[in-house]
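Okay, so chain A shows up in both of these, paired with chain B first and chain C after.
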Partner chain A sequence: MVNKKIGKELNEEEGKRGWLRLPLPFLLVFPAIFVLSIVILYPLISSSFLSLFHYELTKPNEIEFNLLTNYKNMLHDDTFWLAFKNTLIFTGVSVVVSLVIGLIGAIAIDQLPERFAGLRGVVLVPWIIPGVVVGFLFMLIFDVEVGIANVILKHAGIIKEFLPWLMDEHLAMIAVIVANIWNQVPFYILMFTAGLKAIPMDVKEAAIVEGASRWQEFIHVTLPYLRGILVITSLLMVIRNFNNFPIIYTMTGGGPVFSTTTLVIYIYRLAFEQFNLGYASAVGIVWCAVLLIVSMIYVKMLYKQVHG
Partner chain B sequence: MLKKKWVPLTLVLVLVAMILTACGGGSSGQKSSDSQGTVEITFVNWATAEEATKQQMLDVIKEFEKQNPGIKVKNVPIPVGEQLNQLTIMTTGGNAPDIAQVHFDVGISLAAMGALEPNDNLLSKEFLDDVNKKLYDFGMYEGKHYLIPWVGHPLGFWYNKKLLQQAGLDPNNPPQTIDELTKAMEIIKQKLPNDVVPLQIDTTIRTLGLSHEWSFMSAFGTVPVDGDKVQANKMGPYAEWLRMLVQKGYTLPGKKFGEFRPLAAQNRLVFGFDGPSFKGIVQSFDKSITDEKFYETWGVTTLPVGADKKPYSAPDDHNLAIFKASKHKEAAAKFAEFLARSDFSIKTYVIPLGFLPTVQSAVQRFPKEFSDPARKAFIEKIVPAEVRLPYGPNYSKIATVVMAGMQEVITTNKPIPEILNNVQTKLEGIINGK
Partner chain C sequence: MFRRRFSLGWTLSVWGTVIVILGWSLFPIYWMLVTSLKTNMDVFKVPPDFWPLKPTLENYTALTTGISPIGRFFFNSLITALLTVLITIVLATLAGYALSRLKFRFRDQILVSVLVTQMFPLVVMLAPLYLLYVKAHLLNTYTGMVIAFTSFALPFGIWMIKGFIDSVPVEIEQAAMVDGCSRLKAMWTVVLPLTIPGIVATGIFAFLDAWNNLLFPLTLTNDIMMKTLPAGMVLAFTGQFKHDWSGMMAASFITTLPVLILFVLLQRYLVEGLTGGAVKG
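Up next, the complex of A and B:
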């Protein structure tokens, strides 16, 4: 009897120890996984489910399972394809131009004497301003009547009459891209500045000793060292710009007509202005799928960079 | 050894507890009753979000709480242009308010969702006998009543007498027809500085945009949707006129109608199409504008007419909606009646801000205050001209399609028939449930 009791106690103790033997990393990441499952996984599954239904909030008695009809309708939805195209334009131009300006800015800042170190902090200001505020700021800048953009351009003789930037189907996209570039260039400057600092001095000195010109140094020394940052940062900004809502919505609401409507704007309008939750969910799933592909590329590049 | 292993477990448990606490913390903000029997009702509104009306509304809320010690009002201000989005998100998120300020289109959309409580049995007989029947009926959906008229805000045709005089036009004889209006704007554009804007018209892709333009469309004889009949492809004359307005600089494209109000305060707007609060809002922009000075500058009448010689006014009235999810519907209804009918609310909010009362007894109780020139014009001429728009479950979609078409008219050179045929096709799809 005593031996049985002792044996039982030992088994119970081993059980407790077994539970405590769970890998520490798992225990530490559990809170994050728990939160992600609530705020990401559940909405994703819910949206996937909704995307299979004809579901309009204003017609609660007409909810109908329609399998892939929403996705089929998407193929013939001109506004969807326009939004997709706008998203590509907005994202592509923003990333490329921001990257170039950011790189130039980083190189310029890197050349600054140490006494101008404080300027680096000032450069970051546009990045920390919330998107909504940036939107309002540039909405005023591009206002047809009192916007400073028109005043400057007219004064410089570039335009003869004030342009309705936010109400011209071609100019509106330019305006929101300009605002977005202004907002995110500092991020590139920050990243490239860090990258420039990481370039070994002996490599630079060797290039100088070998008689390399500034341009040759940039092409053969600076750029190769920054390639990883360039790719990683750009992919990250593609993801960010695919999701950019506040600047566009604040400035133009996706207009005029739908000329600045991106996928995220379109989804918002479908869901909360037209109450078409089923179709909005379907568009959202497609949008997530595109982002997932980009994210996978990002993770792969990041992994390659870390592990060589 | 055991202590070392317990540390990560403890850490995990603490983090999870913190997360759960944070998630559950929102419940403390939900409407509730305390141990003394006091109930709290959530009131979503734009009255306290706009500087011109904020203080007056807060005073009214405070007075209501004073007169009803058992009811507390939790004020939630939202921008007027976001009412549809905000209330939809709140409702679908399970956080619907008890009562909200809404326009007709938003209210009917919420009713179609099943978000609102029919309020016939919640309102007192005294209120029902006193309320304006026309506005009351506008708040019906599928045989049930959902919207409680709060303040009247029909759109009237304001005209700037001083600028008309400067342009050589008769300041006391505003345009009576659309043709006269067009001619007047032509003269104004020739005679007055370029920074003067002839006409206020909303060309945004919003339900408010459609509401604002509906009256002009009606004056041209054809509205895009009439019941189940779609007739966008017959709106050519209106579309041509709208394009002309922008091309000749008679209005500012892409502006919300509220964005023209600062221009009015700066004496840079000739013809406004706005509600009775126009006066109060203009005065809020420029405190030096007294009532006397305002009426020296501005007059108001019905919108110029078209071929049918009938004036039209879209209802921009403010209503109150009680939500189905509310646990304090009776308290919400009591608050609604106070807002719409009480002496304090009328004296503090309705009268100073230029709104119209929605209860008939108000004019009898405050005859002097409601006898000013503008309000008389609204009550006697403009309110009778109000027409109900095609509010319903499809209204938001209809507004998006129509206003996108109108924006296409003013921002592109596409042939108008092509644009209107596209609008026609899309509207037919909406009406037919495709």
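Up next, the complex of A and C:
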């Protein structure tokens, strides 16, 4: 990478001059690392310890080291496995559908004449809406009595009767996924628009001159150029969706009967409603391990993207 | 420049797609506004009115007189978000500069760890963090909340500012240093002004992160007077007031308005900051 090289030369020059061998890097980086350590590193280490204990917040005198019992219990915990499955469904469907909508949207917006560029900003708006508000909003939209979703679907002839979206075990997941997709599609549009802008003009022109159809151009020019950003964006969003809390928590609270309980909701309930900190930590650690694998892939891909 | 010939079908499908996406993006927000202007009686009308026939501001005035101190929530959100912005910008700029320009041991490891911290689920940190906050008397304090918010916004901020500083030619700085500037002075007078879009974008992100965060205020405060808007709203509208739809939408709109204004004013920086960092890496 160009900058890295220049930075290196600059540093070597400094080395020769013999100044700035001082702990300046340390001084500049330490404050940030310190804050990150309090809120992320320390709790992470502490969680791994907690996960080996039977520890209920309400019974502080009955703390007991139980080695891997928490982890063993997890294997037989149906709710854990359901939450795992729900997380995969929530994340998978959200990411795939958002990706497709985002790609189509970005390409369409990219084709607009320059004077409509402002519309790009307008489609980004759902992305800044606070998660709790998204949750409340779609709670209203999917309500069985007053919800506009039912009115629209019935008028369109898709459903015959008003459906109790958020109170039905099979429908609730659809409702929270729709809310989530609404919230995050703008992010994909933003990323893909940036990717489209980075395609060199002459490559596109060459394709047009050689008589490529729009479809051929998409498959042979656009997609290969977007591949990097597609992978990076989806991995990033897999991680973000794994961790989504406010939308599900406000819309359904994980119900009805655990049907929208994802791992995040499950851990939160274990820790802050049942006060079972030991077990909650164990589930959290397993969760982190899964995420770490995804993160590693992400970091690797990002590195590849940056360094070619 | 070569252009494709005009084709009506293509133009129509482009515009059709754009209009569908615009409608899908904006209708829920419009619906929030409309519902907040209706009385609760009108909300229950079937079929519903698509625009407020008798708009009323009573839901908004009720927010100030109701049992839940929405005004206080708003104030808490504002003060914690602004402090988070300030601290995040300072810390991320210092660290971002060092990680971009200085060579030191463990630099690459620090960069990767910073990226990875962003991916750990907040919820796993919460139980130990709660216990730590109890011991350190940080529960129900702005300090506690700002520390938590900052750490959440920092990793992304560091990467973003690093990316921006990477793209400032190093020669500019060298020139200033040859002219006798110290490194820190060169950073302050030469590099930072060129990094403004990245810094502003980082600030907006930190603000959005703090303003939108639910988990931290939900768990790290138990005094209702210390809740921020998201946590306060969950408290206010999930119990017996669950079906106060128009009140809920009024509160939602009030919560959305500051981020909306911020977004409209600073959109250029946000887009530039995010995509600049993302595409360049």
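Keep this in mind: the second predicted complex is superposed on the first by the 282 of 308 C-alpha atoms of A that agree within 3 Å, B and C clash if a C-alpha of one lies under 4 Å from a C-alpha of the other, contacts with A are read in each partner's own complex, and residues count from 1 in each chain.
Everything that follows uses one rule, which is that a contact is a pair of C-beta atoms (placed from the backbone, for glycine too) under 8 Å apart; a residue touches a chain by one contact, two chains touch by 3 or more.
In this text the structure is predicted, and so the values were computed from the model without any measurement.
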Fit or clash - chain C, chain B, common chain A: clash
First (chain B), second (chain C), both or neither touched by A:E273: first
Touching partner for A:V264 - first (chain B), second (chain C), both, neither: second
Chain B versus chain C as contact partner of A:T69, first or second or both or neither: neither
Partner with the higher number of touched chain A residues, chain C or chain B: C
Partner chain(s) touched by A:E56 [first = chain B, second = chain C, both, neither]: first
Touching partner for A:D168 - first (chain B), second (chain C), both, neither: first
Partner chain(s) touched by A:P31 [first = chain B, second = chain C, both, neither]: both
Contacts of A:E145 with chain B and chain C, given as first, second, both or neither: both
Which superposed partner A:I128 touches (first chain B, second chain C, both, neither): second
Doubly contacted residues of chain A, that is, touched by chain B and again by chain C: 20, 24, 28, 31, 35, 38, 145, 272
Residue ranges of chain A in contact with chain B within the complex: 20-21, 24, 27-28, 30-31, 34-35, 38, 56-60, 144-145, 164, 166-169, 253-258, 269, 272-276
Residues of chain C defined as touching chain A within the complex: 1-4, 10, 13-14, 17-18, 21-22, 24-26, 28-29, 31-32, 35, 43-44, 46-48, 87, 90-92, 94-95, 97-104, 107, 110, 112, 114-117, 119-129, 131-132, 147-148, 150-152, 154-155, 158, 166-167, 169-170, 173-174, 183, 208, 211-212, 214-215, 218-219, 229-230, 233-234, 237-238, 245, 248-249, 252, 255-256, 259-260, 263-264, 267, 271, 274-275, 278-279, 281
Of all residues in chain A, those that touch chain C in their complex: 3, 6-8, 10-11, 20, 24-26, 28-29, 31-33, 35-36, 38-44, 46-47, 50, 101, 104-105, 108-109, 111-112, 119-126, 128-133, 136-138, 140-141, 143, 145-146, 148, 151, 182, 185-186, 189-191, 193-195, 197-198, 201, 205, 208-209, 214, 229, 232, 239, 242-243, 245-246, 249-250, 263-264, 267-268, 271-272, 277, 280-281, 284-285, 287-288, 291-292, 294-295, 298-299, 302, 305-306
Residue ranges of chain B in contact with chain A within the complex: 2, 5-6, 8-9, 11-12, 15-16, 19, 23, 84-85, 88-89, 92, 109, 112-114, 195, 204-206, 252-254, 392-394, 396-397, 400, 404, 407-408, 410-412
